[in-house]
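Heads up, the next two complexes both have subunit A, just with different partners, subunit B and then subunit C.
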Partner chain A sequence: MPEISKNPKRLSPLENIALPGKYGAINNETPGVILSVCPARSVVSIGARKNMEAKVSAVFKKQYALIAPKPGRSEYTKNLAVHWAGPEQWYVITNSCEEGTLYDKLAKQFSGIASIIDQSHGRVTIKVSGRNACDLMAKGTPVDLHKNAFTKGCCAVTEMAHITVHLAEIADDEFEVSVFRGFAESFWQWLTEMSLEFGYEVK
Partner chain B sequence: MRINCPYCGPRPNEEFNVLGDATKTRPDADKATAQDWLDYVYERDNPKGRLEEYWHHASGCRNWLVVKRNTVTHEVYSVVAARDYKKTHPEGVKK
Partner chain C sequence: MTGYRLASGGLINREKSVSFSFDNKIYSGFEGDTLASALLANGVSLMGRGFKYHRPRGPLTAGSAEPNALVGVGHGARREPNVRATTLEISTGLVTTSQNCWPSLRFDIGAMNQTVSPFLVAGFYYKTFMWPKSFWEKVYEPIIRAAAGLGTASHEADPDRYEKAYAHCEVLVIGAGPSGLMAALTAARAGARVIIVDEGARPGGSLLFEDDDINGVSAHDWTDGIIAELDKNDNVRIFTRTTVFGRFDGNMFGALERVQKHLTEPDQDRPVERTWRIFTKKAVLASGAEERPLVFGDNDRPGIMQASAVRHYVKRYGVSPGKCCVVFTNNSSGYRTAKCLVDYGVKVAAVIDSRSNPPEEDAGGVKVITGAVISKVKGSKTVSGILVTREGDLENIDCDFIAMSGGWNPNVHLACQLGTKPVWDETIAAFVAPETGSDFLSVGAVAGRFSLTECLKDGAEAGAKASKACGHKPKPIEHFETSSDNLFSIEPLWNIEQSTGKAFIDFQNDVTSKDVPLAAREGYRDVELTKRYTTLGMATDQGKLSNINGLAILAGATGRSIAQVGTTTFRPFYTPVSFGALAGANRGQHFRPVRKTPVHNWAQEQGAVFVENGLWLRAQWFPQQGDESWFTAMKREVKNTRENVGVCDVSTLGKIDLQGPDAAEFMNRLYCNGFKLLQVGKARYGLMLREDGIVFDDGTASRLAEDHYFITTTTANAGPVMTHMEFCHQALWPEFDVQFSSVSDQWAQLAVAGPNARKTLQKLIAEDLSNEAFPFMGAQTVTVAGSIKGRLFRISFSGELAYELAVPADYGDSVVRAIMAAGKEFGILPYGLEALSTMRIEKGHVAGGELNGTTTAYDLGLGKMMSTKKDYIGRALAAREAFHRDGRWNVVGLLPVDKTQKIHSGAHILNIETKPSMKNDQGYVTAVAFSPMVGQWIGLALINDGTNRRGDEVEVWDALRDSYVRAKICDPVFYDKEHVKLHA
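Showing the complex of A and B:
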């Protein structure tokens, strides 16, 4: 029998692909785009059961002092990000707890009124920042990313390079794009190719 | 063609999958034959002109929509979430 570690290290599918360095048209300037793969985090999806939306909202308010994000919106607390992910569906994301802890907590809090699914291993999130971050994202999605239409606190489920992505603007000109794990490498290839003209740094 | 998703806003048709004619009504589960199910699930005409269709926002909110559109001009007249459509049209989508 092979030895099985009790605490396996989570490996990103971009582990040996997203290599730190500067690439593309940098020309002594600072890179236009900065890409970094977010470290392994907890991602849990919440889907309200039929006619339970009000109860789910009440739990969000009571437990986390936030309103359940409306379509295309995100809410943030000190440790959590909550993104809209579809009608009566949300992603809850945190970096600040042990694997599985967030799921256990939410499953208890939303018991009977929502379906809770741990997606931590299923999604890969890439942070995109820099002065050309918005230009880069606009190459992929038909969503209007102009400052008047899409700002900090906005999010969208959309498509980039034929891959379904969840896009959130977490700060001014700073985006998080999350894709299914199996698409991460293909998406990375597209993302880096599209970044060449701006010059990009992988951190 | 752009479809104004009630949840996500206007999106191009690449983000959607089309099922076609939404005027078919679900057969009675107790009486339907295999042929009735085949007809309901798979058989869709592709008429010219105005049509009510089911579209699925696959690369977005993953909701089914009822889209009234023109198959010749690609003009979209209205878009409603299928579940909301059912509330106002309990009898289903009528021709």
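Showing the complex of A and C:
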């Protein structure tokens, strides 16, 4: 049997596309935008079954000591991020476990009260930070990102460059944008073109 | 006219000289000049030629409504036509050229049009070029189009970048003149999030050319102070060189920012223009007013301009348009200009006031002739003097420029773009902005308030009101003292019958005072008809200068009041917006996003030729030598798959994960065939209908668990099927407990097909793939290459023994390489869309050409799939009589009688020895392929009662290629009719 490998490597669609370096109008200043592709992670979507919201919340509380995020909100624990993703739907994300284990764990914990779907390979997440991060995001999303309207802990399902994205503010002026895998390269090209005027660094 | 630079004054940097060219001649100006002010300072007033009569023209305004001084800017790919010299900021190296003239601006042959001008009245094309009829398209129109028009565009691709962006605020202030600045300041001080936008390079509006003092400081210092305060406030954004071009529902505004349009060599890291969508809670419109020209003979001569434009050139740019001026006015504005010129040492020969008893106003000591009008202008490329008529007496006055004012037109456009009409105000003889609710406030001149004190107070009040409505606490409004607050007075003067020569209403479209009454006489009395018949107000200024004069003349000609005539409709755009700015980054290949499959790079390495399929790029064929044609490659790929084994990327299929206790019932209602009794671990081909009974989409769905289905859709319908399911769940059956999500991007899916498919996959997959363990239509979880969890489906589009293997997308690349390695000994080759398509036609499988939105399940030969035991979407309407009548077109195969002949998709079917006509049409070809297995071209077609006509011969008529091919109607399955291979 031709073995691929015991631990097959996940190939990001941005491999050899998002190349580290400094680009655009840097002019001896620090870059206005810093972009980095989040390493392959586990992403699982949870959709509560009918009239099971309370039970889903209870499991979140018991297992992860967090409340199921309200619309437009995210919750974080040390190893986990939970984002609202639609009515009674959430994304649970982690970097710190092996392929499939998050899905298996959640499928067990939420058995009978929610539908669990593994989306780990379906989404690519890019981290956007730097002093012009908000200006950059405002070229794509109609969501108001002013500090009075959208802060750390907020998230939105929105659109940028005709591509549906999930946008989360993970720290002040620091965002995670996730897109469907097939769009990743096209989105990256748009994102970097829009970053040119600020000067950007790919890490 | 001999314009010149004044010794002092102007908001220009006299330390910094800027050289530029106009019609290949080098000139110099100062930083802060526009092209118009710099040319005037160099004594150049002839800057353009008229649209229709090619008359010499100079600047009429000093702003964005300019109709005359339109020039070409830049060269090569960056050349831009019809740029207004009055707003174009000069920078070193700027190259400009005149347009619409030949051989030169000074000597333009087109000006001969004037000699035939009696024929060139409104509507002359329609009356004159009537016969012979065929000449219009071939002769007349091309000649007219070549003769008329303004600049010509570059035909090269635009090398610059454009962007779009969104902005949000609580109070949007449009216009940074005195009213707008006060509105922004008051709202900002109250703590509101404010955006203030101005079209000019420098905020200030009318304060840039009126030097009143405000609260004891000069207008410029006052403006600078406010800008500095706004600039420091984090809640305020100031946009200059930005035009709000449109108002849309929900208090959303479109704005164009000219980021680098004023630079000759734009920085490639920045866009040249950016389109903003600004969302605001409250908007304050402070767009001011545009001065109205007077309609008298030869009022278009270079050297005749708005009275306020003269002040603009003198005070803002330190330029006098000439040596000696005559002011012609019917209101206070003319007096301000006379006084301004005198203050700056420019000679003013007279103020001619059409009013017999004007109120006392300060003309700076200049002679005022009341109750008089200009009846003749002397000179053609310049003004050399005028003839004044006063109660029948004539007087010659020498002058080299004329400042005219017919009153002011408030810039009401944005207030009216959502459909509200402006309101006629008799006291100022103008339409003012209407009230349109508390979310949109019009202040200052646009609301008809012309004095500076009123404007400041008005702006402050609106800023307070708007910020208060957003929950802020504005401070009490301060009191304003201004140095000169003359009351505005006007007596309308619409048409000057005593004057001779062409009197222009619309300068850019060459509409004269004779055209409007002519249109009325010919029956175009409604203002919207008059506009279209004469082109009045259709110029790039959108009637800012011309409309009110035109309406007044129409009112006079039709015996109505101006209010009764009303205005035409106000629509975006307020000033022209380039297509580049509207497209933003979405151009060329980025017109829309591109989707790539998880095995794209591998396919590329195999030399695949890609084709766009929706947003996806899909491998079309895999040439073995670089230049192998699709035809030979396709034949090889088909034969190899049918004889050995092939692998094909089918990741683009839509994939939907459906779960929940009601999943089975939900499936049953979505599809016309049953899914409830499908066993776990099995796949089934399913057909979805639209509510109207027509086939919507097809694909396989597999049951992974009692409450868990995995649905695939066609590539094209992935989005629509998802939307359809959402609609069904949210609107039709909200009681169902189901959850579903797109997992199209989660899985890489690879079809492995051919007699050796099992042998190939068995090398990679631990589970038993024998026919007994995993028969046709099986679906199960498998372990691939010892470590990857995938899903295997035994389904076949090619008709071969075939599997589709789904693996998590990031592993797609490794897995396809592993399949290739495993299949090497069995002769595996990749195959693309061409081979896929050929094989499906050989098997008579329906696809896009047949599922074309007009066919029913019966038409497709799939009528038996429609369940009679359950309800489903489309069931009721699929039962309609017309869908079951004889003579419907249904899918059949088509085989050319002469094996060497080719048929084409789209060709129509005719009975033998009938002529092509709608009546004789028997159907059309939906898909064709050269079948390597059959050894000739084969096709699928929708043919009138085709199923019952198998064996008949028909003509395949191709109108595009003008060919007839004799073909036989046959069974749509051309290869392996018993479907033995897929069960192997």
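Definition applied: the second predicted complex is superposed on the first by the 199 of 203 C-alpha atoms of A that agree within 3 Å, B and C clash if a C-alpha of one lies under 4 Å from a C-alpha of the other, contacts with A are read in each partner's own complex, and residues count from 1 in each chain.
Assume contacts are C-beta pairs under 8 Å (C-beta built on N, C-alpha and C of every residue); 3 or more make two chains touch, one makes a residue touch a chain.
All values derive from a computational prediction rather than experimental measurement.
**Q** Where does A:Glu159 make contact in the superposed view: on subunit B (first), on subunit C (second), on both, or on neither?
**A** first
**Q** Name the contact category of A:Gly72: first (subunit B only), second (subunit C only), both, or neither.
**A** first
**Q** Given the superposition on chain A, which partner contacts more residues in subunit A: subunit B or subunit C?
**A** C
**Q** By the touch definition at the top of the document, which applies to A:Pro142: first (subunit B), second (subunit C), both, or neither?
**A** both
**Q** Which holds for A:Ser186: it touches subunit B only (first), subunit C only (second), both, or neither?
**A** second
**Q** Kindly list the residues of subunit A that each of subunit B and subunit C touches, one partner per complex.
**A** Of subunit A, residues 142 contact subunit B in one complex and subunit C in the other.
**Q** Under the touch definition given earlier, write down the residues of subunit B that touch subunit A in their complex.
**A** Going through subunit B, the ones touching subunit A are 7-9, 11-12, 14-15, 58-63, 81.
**Q** Within the complex, which stretch of subunit C touches subunit A?
**A** Residue positions touching the partner: 161, 163-168, 193, 267-271, 277, 279, 585-586, 590, 592-598, 616, 657, 659-661, 736-737, 739-747, 763-764, 784-789, 808-815, 818, 821-822.
**Q** Taking the complex as given, what residues does subunit A use to touch subunit B?
**A** 71-72, 86-87, 142-143, 156-159, 164
**Q** Touching residues of subunit A toward subunit C in the complex: what are they?
**A** 1-13, 24-25, 40, 45, 47-50, 89, 99-100, 114-115, 117-123, 135, 138-139, 141-142, 144, 146, 148-149, 161-163, 180-183, 185-187, 189-190, 193-194, 196-197, 199
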